[in-house]
């Protein structure tokens, strides 16, 4: 029985890149959603949650259509970079970001809404511009929501493979993530390998999460 | 006063059941006290000036710069204000030190107090490494004040900053606020429910009621205005007089020259020659027909009765003139009758020396205002 | 329980059989491996129409299926297909070497018999090593079709049945891989323990072997043993 | 082309039951997690996030083993109810709850932590016992987190099928949910049916979410 | 006082840089003021009594019920307390009315004020449908007070409840607190930085410093104790005297009988025969060698000097006795010398009638305390 760990590292890389990029997008977007008075707000909120309701492979299917070289988007990407969006790591990241969008936006928006604007107002009077006070006050106060968003995105990207499989094409070393590998073992009735890989994945994820939660606890601040 | 100097406001703001409509011109220097009952709109005015009330309509100009006009607004963070909120609003995720430094880090580099100066003044030096959640109510309020002082403001907005503090602590902080006002020449808008604080600090007073300004003007005028009496309470009626320090005597008394003659006070803590402001409460002034002998009161002025006003209840308010000095005495109707007081009568005003509280001695005249 | 690739044909067969016998057939489709796991955990399936020969054999060996009930109901055929017209010509090898074919989708050989067949065909054509970097894998033949259909992969080794199901219009360009280039894709059926003494189940298995059924199976693009 | 809507109602039923039951469990559990001082807290938090990191089918595989009549749990269930846990609606609900656990617990815990205990302390002094003040103060103040948790759980249960497929066995009317139906259509290359079902699912989900968000907006309260 | 009646505390609580260690026995009736500088530990003591400080060690008993002993604690929600927090802590998701009803709904059915009564008293009737986020600072504090009053408490803990309120509003609320104290017979623990409030309300005073009680006892004792002077400030030194109302005269004056003779005050608002408490500040008392004539002060008592204490600064504190009545006068050293004051000297104490603020007239004696 050989256990190939390549997919594990690929998975971690994908999850990390997706999480970081998605957080960067979700932070200002959630902030805007939390405080906008636009009448479109509920509609935008509903759309944001939609990537969840389609089965992952089906969402992957539509993303595949969207990103294939024949489409406007995919074609533009090919002519810009010379590479296709599908079956590439970049494509995987984009697909994962879209699928995990609700996990990032929802908790962050909730945290921003709940924190209120009192301290942010104080920051305004102390000379902090919009971006400054977002980073120095709003975001740290919504820290717990940020953590939740990051954990859900990270864990979900590790575990989900429907979208990834479709858009990534399961190319070893390029787009074959560990969840696909485990899935394959289960499908081909090689349960021993599946158990080992699952155990590795679980232990690894547990360690990562534990480190995150322990350090969160240390940095914890009562916001009362 | 230059036409464009100072703070000019025309603010309107409608809320269900509450309409704010304030028109005011405030002096470019000195402290303006905003006084009024709970819910009168004091905090709302401060917030509008700071640029935090996005729904406030109207115009705000400060020292020639337009802060708000029509739809145009200068963002709050560019206004260079220091705001002490009614609730402390510290940043819960930062240490006290980082809270104090927050505004300082974002202000233009210019000389001013350091974190250590302000921490020592406010007695929060031992709290610098603590988190706001562990502070007591008064400690949090002091940190909030320090944070505003350190942000190198060009205008200070203070919303009941001392309400949560004990008397000795207040007594330590008040002189610093006076220093900001006079030495650093930062205009201050100061909301307070304490007449003693207002009387001591204010050069200018704005009285608010149900969203409108009912009276505004130099402190001595407003404090002597009968319209203002219900705001301050009967006990606080009195006059503000200006006096020059002549000498500090060995027994701890300071001799002052007033337009009505010499006045003795407990040590006033300023160099001879300084002009200071003294508040004399009407209830601390007695009237005697003959110059009293053998009594403990040191300050006796020959005066003429100028006016007698009936108040509610058993008291009357007697206005007295002594040379250029005006005084007020609050006595009972019974006494007024027994003494046969009437306008024009010559008599003596007796003022117990120590009836003048050191905290009622403000520095400087309300010069900038006048 | 029916392997996904046979779902369309199985539905047609079940419909015919129901009309014929009056029995009700409830179909459950899924990947072969998943269905195996479910059967092993006591799923109430009576019949298993697998996409391979190995799994029914294994079920039988593990005593999960009735001994000697196994038989091959269909043989899969393989087609190289592109959604675009004119990509795949009569010389399949040349077509696949063409620079326009950026990606070739095949089923995962580890998972699907069609994947093994595609690999064998590529090896037989002498292309396996050469096209290796351009290969993308689908988990099953349905996904492989999706990859090609969306144009993400310009060529794919799919089940002929995916193209030839009744009612589907011919599209793109294709090359049917000769049976000689790969070992036959035997799809076996087996009667499971839960179907023991079940008249309808046994009847359906018999029906599968009938000529009427064979015709239907052929129209869905499968070969026969 | 016939579009069978049976799976849609089954899906809605599953999502609704899962969401309600999971919320009932997650509310006290998240509250406890948010305020416990146990040293095991980070470990428990990490375990709570773990269902996410296993691929759904793999998680489903393990749940299948756990719930099969051959196992202790599944066997006990059979002897108690006479029915199997696997391939039944009840089994589906349990599996969905386990898989969606992180979506319910994480945002709720974040909301409880962020809300602080000031108002809850006030409720204590006003004579409210632990359960009373949880319902009357803590939960309403964590309302936005509750909403996030419910939306993520609901949407995710609608969309996910890996676990459901494994544990439920795709039995029409019993365990065949809409996501599986769409998935099947895509897998069996019946794209037209897949498009129609996807569109129905999206529009339906959008309407549900829109109603939720609009009513949330109306009930919204500044917590500052 | 029964041995088990009242509130008995031995609390210890250690925090980095702060140690609380309080041993106190408080009377079962009346109002106990907790006085001390910012950070002294006042709020912490109240929290411990309420059962909110889980780390507080020690014992707490109230009217014979053990609230805390060893590891055993009665849960906070069973203690039947009403707590007015220093910050209002309203429930943000409920209307003002629902906030007010919160404690009422959870209290045993028993007669007491209704929401409408309390809303009218506190002037928040027009706010009942509003959300807490829209209230001004003082309005929120009043709602918080109302919420506690309505919860049918058996002990009221009030942490600076009036700090955010204007004088007129305070004057409206104070009599109600007195009524709770005397009529409803609810013991009250009251944290305040205002000497005037404490002097008016307190039967008992606890002075705290750095986590410990430095002085505790009946209000008149503590207020007259020189140790307490730095807490209250020089201006607030004085005596509390008991007097019986004799008659209300037509000119608005009330005649009182004291142990030193008749005393005239502005209308005191109680029926003749009632015993009231009057605070006479040392600074409002003058000393005259001969009985002064022709002056506006109505209250002149023949007294004997009993003691002269030097203070810091230019003042001295002169204790005077007149029959059974003790007075204090704060005059300058210069005057003391000029008049030749020494213990035993007979002279006259002159007290300006209106120098006694109506708000310094408390109802009843500190009976329950003594």
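Letters are used for the chains, namely A, B, C, D and E, taken in the order the chains are written, and counting of residues starts over at 1 for each.
The rule we apply is simple: a residue touches a chain if its C-beta (ideal position, glycine included) is under 8 Å from a C-beta of that chain, and two chains touch if they have at least 3 such contacts.
Since this is a predicted model, take the numbers as computed values, not measurements.
Participant: Taking touch as defined above, what minimum step count separates chain B and chain D?
Facilitator: 2
Participant: Please state whether D-E or C-D has more C-beta contact pairs across its interface.
Facilitator: More contacting C-beta pairs are found at D-E.
Participant: Of all chains present, which has the mean Cα position farthest from that of chain B?
Facilitator: Checked the centroid distances; the maximum from chain B is C.
Participant: Please flag the chain sitting at the greatest distance from chain E, going by CA centroids.
Facilitator: C
Participant: Could you tell me the distance, in whole angstrom, between the mean C-alpha positions of chain B and chain C?
Facilitator: Going by mean C-alpha positions, chain B sits 90 Å from chain C.
Participant: Using mean C-alpha positions as chain centres, tell me how far chain A is from chain B in Å, no decimals.
Facilitator: Comparing mean C-alpha positions, chain B is 56 Å from chain A.
Participant: Compute the distance, rounded to whole Å, between the mean C-alpha positions of chain B and chain E.
Facilitator: The separation of the two C-alpha centroids amounts to 26 Å.
Participant: Multi-chain contacts in chain C: which residues touch at least two other chains?
Facilitator: Each of 34, 37, 143, 146 in chain C touches at least two other chains.
Participant: Which residue numbers or ranges of chain B touch two or more of the other chains?
Facilitator: Only 87 qualify.
Participant: Residue numbers in chain D touching 2 or more other chains?
Facilitator: 57, 61, 118, 186-187, 222-224
Participant: By the document's touch rule, what are all the touching chain pairs in this structure?
Facilitator: Taking the chains two at a time, the touching pairs are A-B, A-C, A-D, B-E, C-D, D-E.
Participant: Please give the residue numbers of chain E that touch chain D in the complex, ascending.
Facilitator: The contact residues of chain E facing chain D are 50-52, 75-83, 85, 87, 89-94, 102-103, 106-107, 131, 133, 147-148, 151, 157.
Participant: Contact residues on chain D for chain C in the complex?
Facilitator: So the residues of chain D touching chain C come out as 57, 61, 64-65, 68-70, 84, 86-87, 165-166, 169-172, 184, 186-191.
Participant: Could you please specify the touching residues of chain D with respect to chain A in the complex?
Facilitator: Its residues touching chain A are 41-43, 45-47, 49-50, 52-59, 61-62, 102-103, 106-107, 109-111, 113-118, 142, 144-145, 147-148, 151-152, 155-156, 158-162, 179-180, 182-183, 186-187, 194, 198, 201-202, 205-206, 209-210, 212-214, 216-217, 222-224.
Participant: Mind listing the chain C positions that touch chain D in their complex?
Facilitator: For this pair, the touching residues of chain C are 4-5, 7-8, 26, 28-30, 34, 37-38, 41-45, 140, 142-143, 145-146, 149, 162, 165.
Participant: Within their complex, state which residues of chain C touch chain A.
Facilitator: 31-34, 36-37, 55, 58, 102-103, 105, 108, 110-111, 135-139, 143, 146-147, 150-153
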